[in-house]
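Can you keep this structure in mind? I'll have questions shortly.
Letters A, B, C, D and E mark the chains in the order given here, with residues in each chain numbered from 1 onward.
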Amino acid sequence: AGAATPSPAASAAASVAASVAASAAASAASSGPSASPSAACAIPPCDQPIVIGVSQALTGDKSDPGTAIEHGYQVWIKEVNDAGGLLGRKLVLKEYDNQSLADTAVSQIERLVTVDKVDLLFGPFSSALTIPTSAVAEKYKMAFIEGAGGAPGVFQRNFHYTFFVQPATAEHQADPFVAYLLALPADQRPASAAYPQQDDPFVKATEDGAQKALEAAGIKTVYHDVYPPTQTDFASIAAAVKASGAEVVLGGTIFNDAVAQVQAYASINYQPKAVYFTSGPGTVGAYKQALGSKVNGTMTGDGWVQTSIEPGNAKFVADYLAMFPAEKDIPGEAAEGYSVGQVLQAAVLGTQSLDNTKIADWLHANSVQTVQGNIGWDAVGRPNGSYLLEQYQGGQMKVVAPSADPNKNADPVYPKPKW
Amino acid sequence: MKLRTVFPIVMLGLFLVLPIVVREGFYLDLLLFTFMYAAMSVGWDIMGGLAGYVSLGHVGFFGLGSYVAGLLVVHFGIPVFLSAPFVGILAGIVGAGLGWISLRARGTSFVIVTLTFTYVIQLVALNLRDITGGSSGLYLPLLTLPADVVILPFYYGMLVLLVVAILVSLAIRRSKFGLGLVAIREEEGKADGSGVNTSLYKILAFAISVSFAGVAGALHAQYLNYVDPDLAFELIITLNLIIMCLVGSRGTLWGPVLGAFLVQPLSQYLIYLTPSGIAGQVHLVALGVVLVLVVMFMPDGIITTWTSRRGGRGRARPVDAPERLPEAAT
Amino acid sequence: MLLEIEGLCAGYGSGGDILRGVDLSLAEGDFVCLIGPNGAGKSTLLRAISGILRPRRGTIRFDGTDVAGLRPDLLFRRGIAHVPQGRSTFPQMTVHENLLMGAYSIRDRGLARERLEVAAAFFPIVVEQANRRAGLLSGGEQKQVEMARAIVTSPRLMLLDEPTLGLEPRASRTVMAKMRELNEHGVTILLVEQNARTGLGTARTGCVMELGTIKLRGEGQRLLDDPQVKRLYLGESAAV
Amino acid sequence: MTALPASAAAVGPGSAADAEMAARDPSTSLAVSGIDKSFGGIQALTDCSLAVRKGSITALIGPNGSGKTTLFNCITGFYEPDRGRVYVRGVPITGRRPSDIVHLGVMRTFQVTRIFRRMTVLENMIVPVRQLTLRALFTAAIKGHERDRAEALLEFVGLQDLRHEQAGSLSFGQQKLLELGAALMAEPEIVLLDEPAGGLNPVMIEKIAGYVRELNGRGVTFLIIEHNMGFVMNLCDPVIVMHRGTVIAQGSPAAVREDPIVLDAYLGD
Amino acid sequence: MNPQLLGQSIVLGILTGGVYALMASGLTLIFGVMRVVNVAHAAMIVMSAYLSWMLYRTLGLDPLLSIIVLMPVFFVLGALGQWVVLRRLGGRDLTLTVLVSFGFAIILEGLQGSLWSSSFQAINTAYSLDSFNILGIYVPLVRLLAAGAALALLGALFVVLSRTNLGRAIRATTQDPRSAALVGVNVEYVTTLAFGLGVAMAAAGGPLLGMLFAFYPATHWLWIGKLLAVVVLGGLGSLKGTFVAAMILGLAEQVATVTISLDWAPLVFYLFLFGVLIVRPRGLFGTVARESL
């Protein structure tokens, strides 16, 4: 744990200070001096660490993204501790494995709050675990900052203490793709689209949003079907999509089904003009390993890319790669986890306290610069930014839209190359 | 009075007043889940222990209960604590239906049909998106109670469920009905030929058996304020029930209860005691190893093994296989 | 002596001894009928000899070597065949396959075929019903299949536990006749029979078993005439 | 053998029509009319008809595989006949489940014993129930008078010392006795015994014969399958002979014993 | 309905059914021979898929060839499991054996999770995506190979069980171990062999599963549901029944996917099962024992 980070501690503090400064200065405290490592401890007891409780999906079916988020938390904690801690106190992560089971997650949050008496809470991976656990946090009036529960249901119950740390909610994930398609010249614009999708709350929100917009613009839906999360056989699905003659495929996928869809399409020689997957391509390393050159042309939407030029991203990437040297491609979830830390840090500094009610109030009133961009929240914790449109080109993930975004580093290829 | 009657009553009294002393939500949460599992195990044992029909489908009814109660509160505003008993009855009726299908096929087919039932009902919950919310799940309104008492209705609710389950199980065991179920377990055709209407007995037993799971599911849904197809149909729940019955002793009144009170806290603490990165895998492997070891070395469970050590006669004796080679199982 | 049993004790599970010191010896070519009340331990004795039940104490010598505690299949290979009481066909296999199982450990194909033919001649049913599943036959028919299978195995010592149970009178007579025939061909037979008149009438020697020990041994006909035996084990009337 | 042709000598089998008539006669306990039963190509019963007079001890004999047990199974609801009908005291019962038929007062035993192996001997005795009411279901498993009756019956069949043993540990003969005892527990009016004497000690057989006679004197009707001719000829009248799934003869023991058809099919060499 | 699409799904259904049959055959064998409902069967298949995947990644061994390597290994492991654990349960009731295998299933799942994490894996070979086009219908090469391998192995198993002395001994031991011992069968040896064989069949299924479908540690729950449905539908313990049922269900599933809807297609599988059980409780080829003699 004590490995020296190549980047000097001062730069960490600087980046934190920068991020806080960059946030809307609604609160006077945001310019407070405590961000510097030498600052005196703001709230006693100063010799005791600040404990952040997490119930994370470290094993079970959500363990991969769960672990990635957790890595993001760790990178953030290490950076802060190396820089002298938060409010002069060290940070400690009190973490339990919920095995991707919701009951267990709820029990663990109960334990974290009532037995371990942690100071702060982070959220778990996925909406399905966030929904029940956020209710416990709400009950105990604990701010629940989470990077991976963006399904509409999370916000349905008007919780005051839940904050989703991604640029936008699921409904808007495919917005850049839709905008891109509709902006194509009339003779190139596809006439029909297929929506093979996994039954998943996040995916559903994205796909419904995109389908509505495309239909409204006259792009016919020739195939729409939902398969269970457990589907592993895509042969018949591919055959049916091909038979529908769809020019564009909007696959509502997580990861494995994105890979399996590509394989199934390729094996029956189905060549659509554009393919967009909700998730999957974003897990760059694994996706490339599974599909090799067949990745090219596939599009996806994401809140973050490794090459992002957002303030602080370079440092995050460097620290992450130093801490997890075995990995080359950083999973997006790690950035989400890291952003959660950034948001919490900003709020604690902003309020100069560990009072969760104050923190929640502060977050509702401010926005925070994260590696995923600048994010602010509405009354129920919904973020207000937008996603990027990405495409694999020459085996590399490029940002191709929106044009206005400073991260854009390539133009989209359309129609996509053959598999 | 004998220890056997006094002890449970004392324990019940203790659990009733416990929340006054213990305020940490976590401990009440742990007990609440223990009550829940104990009640469901007692229910499972009515079918699995007495009648000898192993059900792998109890979680299906648990999920059914969750969904029905959830839908009732979401669409009609009927509070779960009001609807729970009726949800239990409904689960029993569906159980009777499933029983009707699967009990025609004996033994093994029953095991398998109940297992697939879980898949079927999960699929239905997933696919009836307009009603159930599909994979997005159902959001139940939160109880409007202060943070430190909001857990109590669930704590007492599960406790009541457990007490009712034990009383029902006791009544069955003492009755002709219970005797008939054991007869079914031992030699079904002969039982029928002795005037035991086996279909009726089995269907009734299965209905009673699953109704506890239905009620538990209903309370559980409100406890988490949320139901989704993964949460409601977690197969490990059924497995837990069976392990609990097995550890405690199948076919006995207190076995499932004892099993639940041992297995649930221990398996929860195992997660807290092992490093978080591997806790889940360790938990899974440990559960499996315990299961295998129990079956190998104490297949009759704690209670039966203990009573037969103490020289209990007849009924408490370990089950057959006295000869070196068993005869064919029919 | 082909079979010598001394002080044999055996029982089930953790229960007490059922056999309480059985002494019994059979010379090569003997034909002994064992009678006794229900629950005396007759079947238990046969099980102990054939290895289904592990003896607790005492010795069982077969052909001069101690075989107590050996597995049944090993004992079978030494020449002890046991036809147990009740059902013992392989219910899902055809009648023919059941007979083939009798020839399971016969390596010599020709010999096996020959034995199958002998058995078929004794019990025509195994040809008539050759391709039906054994478990579907009637009780008596199954018993005939079991006897035929035992003949296929053609052992040195044959342990028969109520072979006539459930057989129609005619088949029952056939079985008795065939046993004599086998015995004359040199097979040693230990027969348990409730139908004591027939059993003792057929066998050379009779033994009476009671409460886990052998009470009496004598020539079959002599036992039949013994008034004590008559009263206790044969019944007064000619009801049988 | 009411209504069927007089039973002087070995007469031809009753036809289905005769059996139908007999079924309506109040002095008939049990009637079977024109039953067929086949199992995938094997015709186990062919147009089988018979009637059992109330208060009689009727024997059912016949070679192995002649369909006796199958007939029992059809009567007691274990098999559903392909054709034909079964009446108990004039009530048609074809197609009803076994427990319903028990509730009508018909009890049976099995050729190869079937007992509840891991229940005690005493528990085996109290399983049989004569009626199905919700109250009976949820009342105590064993009541005082039931226990007395069970103990008395166990005493009679000589199993009183084993009453707390697991039934599966009984010897073959003991299991048969237990099954017989349990069948009598429910105070049946019609008892069907499938080879009750098989595997039993001759002394015990005599005892049982005596008990059957005694119960018969109190009005219980018996239909008994048996290969033990001594038992049949001493105890039963009339005797019905089956062969290849039909009744080929019936009449008094003496008459049946002399009947050339019976001699040819069953008794003779 | 597009006839070409229907044809496509029928072809896929038949090929997939063949693979289902192979995967279920070990389950049937073990049930048929030992009356054990081996809930761990699918976990074993998945284990074999992982091992085949490892062999392919590290040694470049073709998955189809890895069948030859994995079968003996699994045979030994299965035999060992039977010898050490199941043998002790001889004659015990169904519940216990179901539970032991349940235990094994989660042990395997836990092991897989810790060794290979819970992400999806698939075996992708150079020829994974090849297919040929016959009359406009695509026949994926891997599926064809898998179905072929399945058929060959099933045939071999069938011959062993029905034609050889060993096969007869195996069946006899199932039906009545005591009588089998009394005609000279070494019961423990034969059961151990039979169980090993059943597990070896699971090993054969693994690489095929890995080539056709993605897998992860918890996938075995899905498969065991399907495979058990196949086994019950076919009539417990009947190899022929298993084959027919696998074909029917494979077809029904693929055709339902394109004709009814994706999400309800899996239901077809189970509804079919329930329907058959209502009309014919013993399944398609199940035999009824004659209980009351």
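The rule is short, and it goes like this: a residue touches a chain if its C-beta (ideal position, glycine included) is under 8 Å from a C-beta of that chain, and two chains touch if they have at least 3 such contacts.
Predicted model, so just to flag it, every value in this text is computed and none were measured.
Asks: Compare the CA centroid of subunit C with every other chain's and tell me the farthest one.
Replies: A
Asks: Where's the contact count highest, between which chains?
Replies: Per-pair contact counts point to B-E as the maximum.
Asks: Taking each chain's centre as the mean of its CA atoms, how far is subunit B from subunit D in angstrom?
Replies: The computed centroid separation for subunit B versus subunit D comes out at 43 Å.
Asks: Return the distance between the CA-based centres of subunit C and subunit D, expressed in whole Å.
Replies: Chain centroid spacing, subunit C to subunit D, equals 29 Å.
Asks: Approximately how many whole Å separate the CA-defined centres of subunit A and subunit C?
Replies: Roughly 78 Å, centre to centre.
Asks: Among the residues of subunit E, pick out those that touch two or more other chains and give their numbers.
Replies: Within subunit E, residues 113, 175-176, 178-179, 181, 187, 222, 263, 266, 289, 291-293 contact more than one other chain.
Asks: What are the residues of subunit B that contact at least two other chains?
Replies: 123, 126-127, 189, 193, 278, 280-281, 283-284, 319-323, 325, 328
Asks: By residue number and range, which residues of subunit C touch two or more other chains?
Replies: Only 12, 15, 51-52, 72, 87, 91, 136, 138-139 qualify.
Asks: Please name which positions on subunit B make contact with subunit A in the complex.
Replies: Answer in residue numbers: 23-27, 29-30, 33, 123, 126-127, 133-137, 139, 142, 147, 150, 220, 223-226, 228, 230-231, 234, 236, 268, 271-272, 276-281, 283-284.
Asks: For a test of understanding, state which residues of subunit D touch subunit B in their complex under the given definition.
Replies: My answer: residues 76-78, 97-100, 102-103, 107-108, 110, 114-120, 123, 126-132, 136-142, 164-166, 168-169, 182, 186.
Asks: What residues of subunit A sit close enough to touch subunit E in their complex?
Replies: Counting only subunit A, the residues touching subunit E are 59-64, 196, 199, 225-228, 230-233, 235-237, 239-240, 243, 255-256, 259-260, 263, 266-269, 286, 290.
Asks: How about subunit E: which of its residues touch subunit B in the complex?
Replies: The contact residues of subunit E facing subunit B are 31, 35, 37, 85, 88-96, 98-100, 102-107, 109-111, 113-114, 174-179, 181, 187, 221-222, 224-225, 228-229, 231-232, 236, 263-264, 266-267, 270-271, 273-274, 277-278, 281-283, 289, 291-292.
Asks: Which residues of subunit E touch subunit C once you look at their complex with the stated criterion?
Replies: Touch list, subunit E to subunit C: 165, 168-169, 171-172, 175-176, 178-187, 287, 289-290, 293.
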